[in-house]
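What follows is one structure encoded as structure tokens, with my remarks underneath.
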Amino acid sequence: MTLTESAPAPADEVVLEAVGLTKHFPVRRRLRDLLSRTPAVVHAVDDVSIALRRGRVTALVGESGSGKSTVARLLAQLYPRTGGDIRLHGRSTRVRGGRRFRAYVRRVQLILQDPFASLNPVHTVRYHLTRSLRIHGNAGAGPDGLDKALADLLTRVALTPPERYLDAFPHELSGGQRQRVAIARALGADPEVLLADEPVSMLDVSIRLGVLNLLQDLKDRLDLAILYITHDIASARYFADETIVMYAGRMVEGGDSETVTQRPAHPYTRLLIDSAPDPERITGAGGDGAAEGERGHGEPPSLIRPPAGCRFHPRCPAAMPRCATDLPPPIPVDDAPGHWAACWLYDADTVAAEKAVAEQAGTEAVR
Amino acid sequence: GDSPNANKKSGQAATVLNVGMPNGPQAENNNPFLTTSAAASLGYRWQIYEPLMMWNPVKPAEPFKPWLATKAEWSSDYKTVKVTIRDNATWSDGQKVTAEDVAFTYNLVKKFPALNDQGVPYTDATASGNEVTISMASPQFVNQQKVLWRVPIVPKHLWEKIADPASDPVKQPVGSGPYTLKSFTPASMTLAVRDSGYWQDAPKVKELRYTSYTDNSAQTTALANGESEWSFVFIPNYQTVFVAKDQKNHKMWAPPVLGIHGLYLNTTKKPFDDPTLRKAMNMVVDRADIFTTAEAGYFHPEVKSVTGLPSPAGDSFIAPEYKGQEHKVDVEGAKALLTGAGYKLDGNTLKDRSGKPVTIRLTDPAGWSDYQTSLEIVKGNLAKIGIAATVDKANQDAWFRNVEQGNFEATFRWTESGATPYDIYRTVMDGRVLKPVGTASPAGNFGRFQSKEATDALVSYANATDDATRTTALATLQKIFVEQMPMIPVGADNIGGAYSTKNWTGWPDDSNPYGALQPTQPNAVDVVLHLKPANG
Amino acid sequence: MTLSPSSIEQVIPGQGAMAQPSARARRRRFRFVANAKAATGLAVLGVYVLLAVIGPWIAPYDPDARSADVLQAPSARHWFGTTHLGQDIFSQILVGARSVMVVGLIAGVLATILSILIGVTAGYLGGAADEGLSAVSNVFLVIPALPLIIIVTSLVEQASDTLVALIIGLTSWAWGARVLRAQTLSLRRRDYVEAARATGERTWRIIGFEILPNLTAIIASGFVGTVIFAVMSEITLAFIGVSSMTSWNWGTILFWAQGQQALAQGAWWWFVPAGLAIALLGTALALINFGIDEFVSPRLRTGGRTRIRTADGRTVAMRVGFTPVLAPNPAPVPMQRPADPIGEDATS
Amino acid sequence: MSDQVLEIRGLCVDYGIGADAVRAVRDVDLTLHRGEVLGLAGESGSGKSTLAYGLTRLLPPPGVVSGGQVIYHPADGPPVDVLTLSPAKLREFRWAETSIVFQGAMNSLNPVHKVSTQLLDVIRAHEPKSTAAGRLARAKDLLRLVGISADRLDSYPHQLSGGMRQRVMIAMALALEPQVVIMDEPTTALDVVMQRQILGQLAELRERLGFAVLFITHDLSLLVEFSDRIAIMYGGRIVEEAPAARLYREPLHPYTEGLLHSFPALHGPRRELTGIPGSPPDLRAMPSGCAFHPRCPKAFDGCDEQVPVLGAPRVDDPARAVACRLHPAVAPPSR
Amino acid sequence: MRFLLQRVAFYLFTAWAAITLNFFIPRMVPGDPVQSLISRNQGRISADAVASLRVLFGLDSDRSLWEQYVAYWGQLLRGDLGLSFTFFPAPVSEVIGSSLPWTVGLVGVTTIVSFLLGTALGVGAGWRRGSWIDGLLPATTFLSSIPYFWLGLVAIALFAGPGSFFPSSGGYEPGLVPAFDAYFIPSALQHSILPAATILVSSMSGWILSMRNMMVTVASEDYITVAHAKGLSERRVALSYAARNALLPNVSGFALSLGFIVGGTLLVEIVFSYPGLGFQLFQAVGAKDYPLMQGIFLIITISVLVANLLADVAYLLLDPRTRKS
């Protein structure tokens, strides 16, 4: 059971791609809101572009409520999108239901965030898995074929011996077991893309590791493209090839996992990395790093009226005037290829201009 | 206090009479012409408004008693009647009752068909002096009481101001009767006796309290516990439920009138088109059982005479050949009659001439429990001659429709009632209203009885100008009725009521049947005028 | 992500670990019957169904047959007494059971099916379909049912039991549909429904296999409710004399009793059996409903047993907020003895 | 005056009674010292929450405390056994002496009452003599303490973000300045930024108020960083107990070791993660002997027979305790 | 705004559909008011009189159903409900006006009392499961399974004999004039006790049951455990926390039941001869009194719709969560 450093990923084919994906949820209004004109919406996801490649894991991290799950559901076509495009093998797809939707979900499978909620309490593991196999025509021939396929699935997610679990109801399973059933269900469709939304969140570290190893293994053997959503940045570092950071519905940084976690560029990513608990800190310095924590004060912004400009600017220690007005585009960071951040700090012109202004202000203040 | 309720309770002694009817809450409407008004439904219209003459339905052949009119003279063709108005009557607002008022009233009824609740074809009424001549389009021999007894006379000076008398609730009724309306609530109305100006001696009852109970059982309870002293309601087992509660005072008097209830047979349906079969059926119907079991031993008294005419109301009309001939249960006779006519009694099954078993469906609305019970009894009776009957408890509306359209085999129903046997026979045998099965004949002849002779006799009876013709016609009708048995008469329609002698005496009864004892009949005013305090 | 301690999963023993599934499944199957309430209800209902089937055969008399025993109090000859026509009331009750059961069950089934079709579909589909179906059920909800039934039964001359049942069923589904719709609305965004969608299930299958099983308790109580309502309606119709009463049912008996003013005549036996029979049927159905409730909802299930016997024979009260302590403690440390040592936690 | 506030002795907690019973917590001995943060970690399903609710007797049915003692040492006055308190006394004891921050703050606040109502009623219940104005001022102070502006008092729970709700719960937990605060996974649902914010505030408050914390979480890194001592649970028992840094550096129990080899580090060189093979024990059919032995790489003869006792492996090191036959106890764990 | 308009449109549509149905259904029934009048006066209204009644009721002119429908809407919009046939020519509004207060008084008050009492008992039963209140459940279930009218009849037989304090029928002592005075009010109260008790007995257990189940569900919510943990008094936890939350669904049920006050009481009113709307409706149906039926249906429809709206609003007001869908 080893989670080895993943081999340098071949710049493989893009299987599923989101381009400028946007999702706004209408807000259920209260009585007094009834009279207001503008329909209020939650800007859950704005302009997100992600490419999922064969045999690679893309991690999506970010604060809670930043829209990670929404991205996953959008990619699974469970929500209609407000804007942007989703391309499967380069072809734009928009499916609402029916046969085309089923054809789509055969290739793109979603593991929902909460394993306690995503298994129907009245059905057994057998039912859940059989359905998945049947729908996608992987049930084999006859009852024997089905049994074999079921056993195969359970064995793949390390729920062995399969007979022990087949007739269990969800409530008879531990959280980790449920999460594995959810994964098995997704695999029953034999997909090309796996959208895994916090698949290990409520497990203790040892079980968590087991599940991640499983995904790793599947990725390697089946050349799956995986979207791995998590709060556990350390696991993203170990498990994902690429990491994308979201903040308040927008992508703020992306790049090679190791680079993003070790040399974060965006102030929010830095905050995130610094905030992550790290046992080495006390064992090393004996301090508790509270000083660094100071920077993070302030609340996440409202997504109904998100801040103009960079959404992080109200909390950003390095905020510049421009940050409050102009939305930063993804700007490449030079330290590694493919590393980018949506932050004006990496725009040389802006930084220069700011510096000039600051100097002028300084001199004026002196005078 | 100042509340009208304050003077309630006390002084019940013997100045107040409590009248009850099971008619549910009422809307304030005292229009005497409208069947739907509270005044009509509870009957107090007759305490306020009076008719020209008083007629006694219990003794229909007796002459009319003068009331607002002192005299009424019919022309020999019974198309006009000349009435003389008494000159000492006044309206409760003090004005005199004149011939003008009477003529106005009849013209009003003529002008507004909606007010003509008796459907008499008035053509004109003219007053001259204290006489009024009322003319009608057709002979009204059989409808005399409708003309003279059923029309409440109203004051011209008030009614000519009413734009639409058919929809006026007449909140403050002014009439010539002994009472005026004192208060009105949906459940109770109080009438107070007039201080002065009534044309006869003022009644002893100073106050009449009408209560509209919500249903029969509420009314019965009220009667039983003495809350109600006079009412008209069907009380099953009235002996225990009502009379036994106060053996001395609680009384029931419900004499027959000239109308009957019986089993209509559909004469178009085989094998009931055969008079022999009908007569045989008649011979097994146990009227006494029906009377005691279904009609509680007082309601719808047995019709004994073979002519179907109730006794004593119809006694004087019975043709000499049928005098004293009474129905009696005779199963063997019936069997003999049937076998003689080619029917076969095969064990417990009667087979008709073609060999088919005779079966019959008896039907009546589900909710009419006395009829239903009667049918159950008839069913048992018919079984004795091998006729298998089923009792259908139909829905009321469907039953109405089916009976009128002739879609039934046998049903219990009433006939109309009137001053002569004409109404009974007309309802059963009138060829003028005969319609094919499937077309409604609301006016009668539900059994589709076809007899030109009967129709002719009916026409002749109604239009005759002399008694001899009438007697002949009536004898013909009776003969046809007895021999063809178009309907099996069972019980008489009755009119009457339950009353208590605790506070008031002087009610009509068998020993002194001076009028109908029903609070809603015009006789009600006569009854009240007869009452005397029990202890005074 | 966080699991509330009260959610279903944690209430059920053995979560997080695999117990022997086969034994578990067996237990589950019989737990419903093991529930005392449900068992009682089912037993009573069983008797009623039996009577509905064999009632007319075992009736000692023809319910229509008149006899000389008029208006007699219960006796060995006539267990429930006789009517004013001398008919045997016991036989009438027995014969009447069939009509009552037929109407109740048909109407219950029909209304339940309609409410599922309309309520669940509206709730799941949402949008225009929802608006339309909700409007329809709202219309049916505001139409006063009983008068409507009176009117409709009077449209036909011979309203058979089936027809009465159909009419009652057709007019009484709206409430259930409304409840089911609301519940479906809350279910349809559940993750497992989304997950089924994401697996590629068809809509009808999601409705039928993912949502419906989770509505069992509501559907069952709706069914039981409509059956009670239907029986009451049928009996009411007969009682007020508007339905055709070609066959006997308990309402017919009451109708006759009322029409003959049985109570005023002191003939209590005419009234009482039919009323009690109805009440007992209603109670049996309600008991089954409790049973279903407790069976389907784990919260009520554990809630059913509030006092439990321990191995050493003591009774312990289970209640939220005060976990019972089983072992009486030796007191090795000086302790403030509570003034009142008898708490609700552990009583013997 | 000892420096212990809470002593748990031989605590057993069952779900259900009789044959159906599942023992979720077995014979747990644990001591909480004044002002310390005691971390509690372990496999999911090992009984951490059960232990926390059991000792306060808040376990929902069918949970029952089937044995043991929970001795609370008030700042003044003689110790009491929480398990024998009458309901009335228990009510007095609760919150004033021991408060709890539950796993989901989302569900811990009554959705239909304002935050102020919920804050105020706990003060009123325990200090009936306080004035309304005084209570309000206190509530405002409390909110400020956890970094929420006082005007949020009038909000309903749903109007607050998850982090704010969690902080309201912390403020509420501190309202009566209790000696012990129990926190069951208070930050699991939150992102690390929020988590750090909240824990930072908590640490500050602890400095000022001096309460002790029993802190339950899966997040070992967090635990190592935040707590003074750590106890590890496995299969309903405490298997190891040690000062945080030392547990991290030199775990003694093979399970602890396995845990530490399972979590990836964010900083530093990537290291190999080995994890723990096998699956968690079934509470209904616990392995005999040491519950961990079927999965233990170091198991040897007899591990499946003897239940190892928790005790200090070295006489000179009373701060540590472990229940493993590799490190047989030579002294009872420190109290 | 759109939401509001949508709701309004929805309710208007429902109202329109219901009123239309209410118009057509009575007219589909065979038989007409005249026939019913005849049957009520068996034999005493002659065939010749039928014509006059048809004229009276305005049934003589042959208008198509469609024309009548249009005319009906015209009337409705003018606030005119037409004239009742049974009480011709009393306006329907007057007939309804005189019986509505009785219904609202009796059933309204008992509905409220039954809700309050049932809810209170339900709180007790749910909070203290296994206590005596909980033990009451089977009994109340039994009582609620008894047909209303039967219970009423038995109550009358048992308690309302002659000489008893309880009158067996009516809304007040006959002879009294409805007025707010010291004679009428006690009498009205006295007459309402038995019917009210009947309604209470048979309707209360529904509330008890639903409240109990909600209490049981809510009692296992986290915030209840938290409230216990906070050391609040039993009362406060039970009422302010558990009951307050458990009440929400019951309240919307209550609002809806208010809508059914008007229509749902037919039997009680029939049995107790109570002069209310239900009884009136029963009579109207029997008498084919379309205008009255329609008028009463209209009242029922409107009150159910209003209650529906009320339930929606009550939920919005009572539950501070604006739930995310």
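The chains carry the letters A, B, C, D and E, assigned in the order they are written, with residues numbered from 1 in each.
Rule of thumb we're sticking to: a residue touches a chain if its C-beta (ideal position, glycine included) is under 8 Å from a C-beta of that chain, and two chains touch if they have at least 3 such contacts.
Source: prediction; values computed, not measured.
Undergrad: Along the shortest chain of touching chains, how many steps lie between chain A and chain C?
TA: Tracing touching chains, the least step count from chain A to chain C comes to 1.
Undergrad: Quick check: more C-beta contact pairs at B-C or at B-E?
TA: B-E
Undergrad: Counting in whole Å, what is the centre-to-centre distance of chain A and chain D, each centre being its mean C-alpha position?
TA: Result: the chain centres lie 31 Å from each other.
Undergrad: With chain centres defined as C-alpha means, what is the inter-centre distance between chain C and chain D in Å?
TA: Here the centre of chain D sits 45 Å away from the centre of chain C.
Undergrad: Compute the distance, rounded to whole Å, between the mean C-alpha positions of chain A and chain E.
TA: 55
Undergrad: Quick one: report the Å distance separating chain B from chain D, using the average Cα coordinate of each chain.
TA: 92
Undergrad: List, in ascending order, every residue of chain D touching at least 2 other chains.
TA: Expected reply: 44-45, 53, 58, 60, 87, 90, 102, 104, 107, 188-189, 280.
Undergrad: At least two other chains touched by the same residue of chain E: list those residues.
TA: If we look for residues of chain E contacting two or more partner chains, we find 29-31, 220-222, 225, 227-229, 270, 322, 325.
Undergrad: Considering chain A alone, which of its residues make contact with at least two other chains?
TA: 174-175, 201-202
Undergrad: For the complex, give me every residue of chain C touching chain E.
TA: Touch list, chain C to chain E: 4-6, 11, 131, 134-135, 138-139, 141-144, 146-148, 150-152, 154-155, 189, 228, 232, 235-236, 239-240, 254, 258, 263, 268, 271-272, 274-275, 278-283, 285-287, 293, 297, 299-300, 303, 306-307, 317, 319-322.
Undergrad: Touching residues of chain C toward chain A in the complex: what are they?
TA: Chain C residues touching chain A: 1-3, 7-9, 12, 14-19, 21-22, 24-25, 190-203, 209-210, 213-214, 216.
Undergrad: Spell out the residues on chain A that touch chain D in their complex, using ranges where they run on.
TA: 1-5, 62-65, 174-176, 201-210, 213, 231, 233-235, 237-239, 261-262, 271-273, 275-283, 288-290, 293, 296-297, 299-300
Undergrad: Using the touch definition from the top, list the residues of chain C that touch chain B in their complex.
TA: Per the stated touch rule, the residues are 64, 66, 70, 84-85, 153-154, 156-159, 238, 240-246, 255-256, 258-261, 264-266.
Undergrad: Taking the touch rule as given, give the residues of chain E at its contact with chain D in the complex, in rising order.
TA: Going through chain E, the ones touching chain D are 220-223, 225-234, 236, 240-241, 244-245, 248, 318-322.
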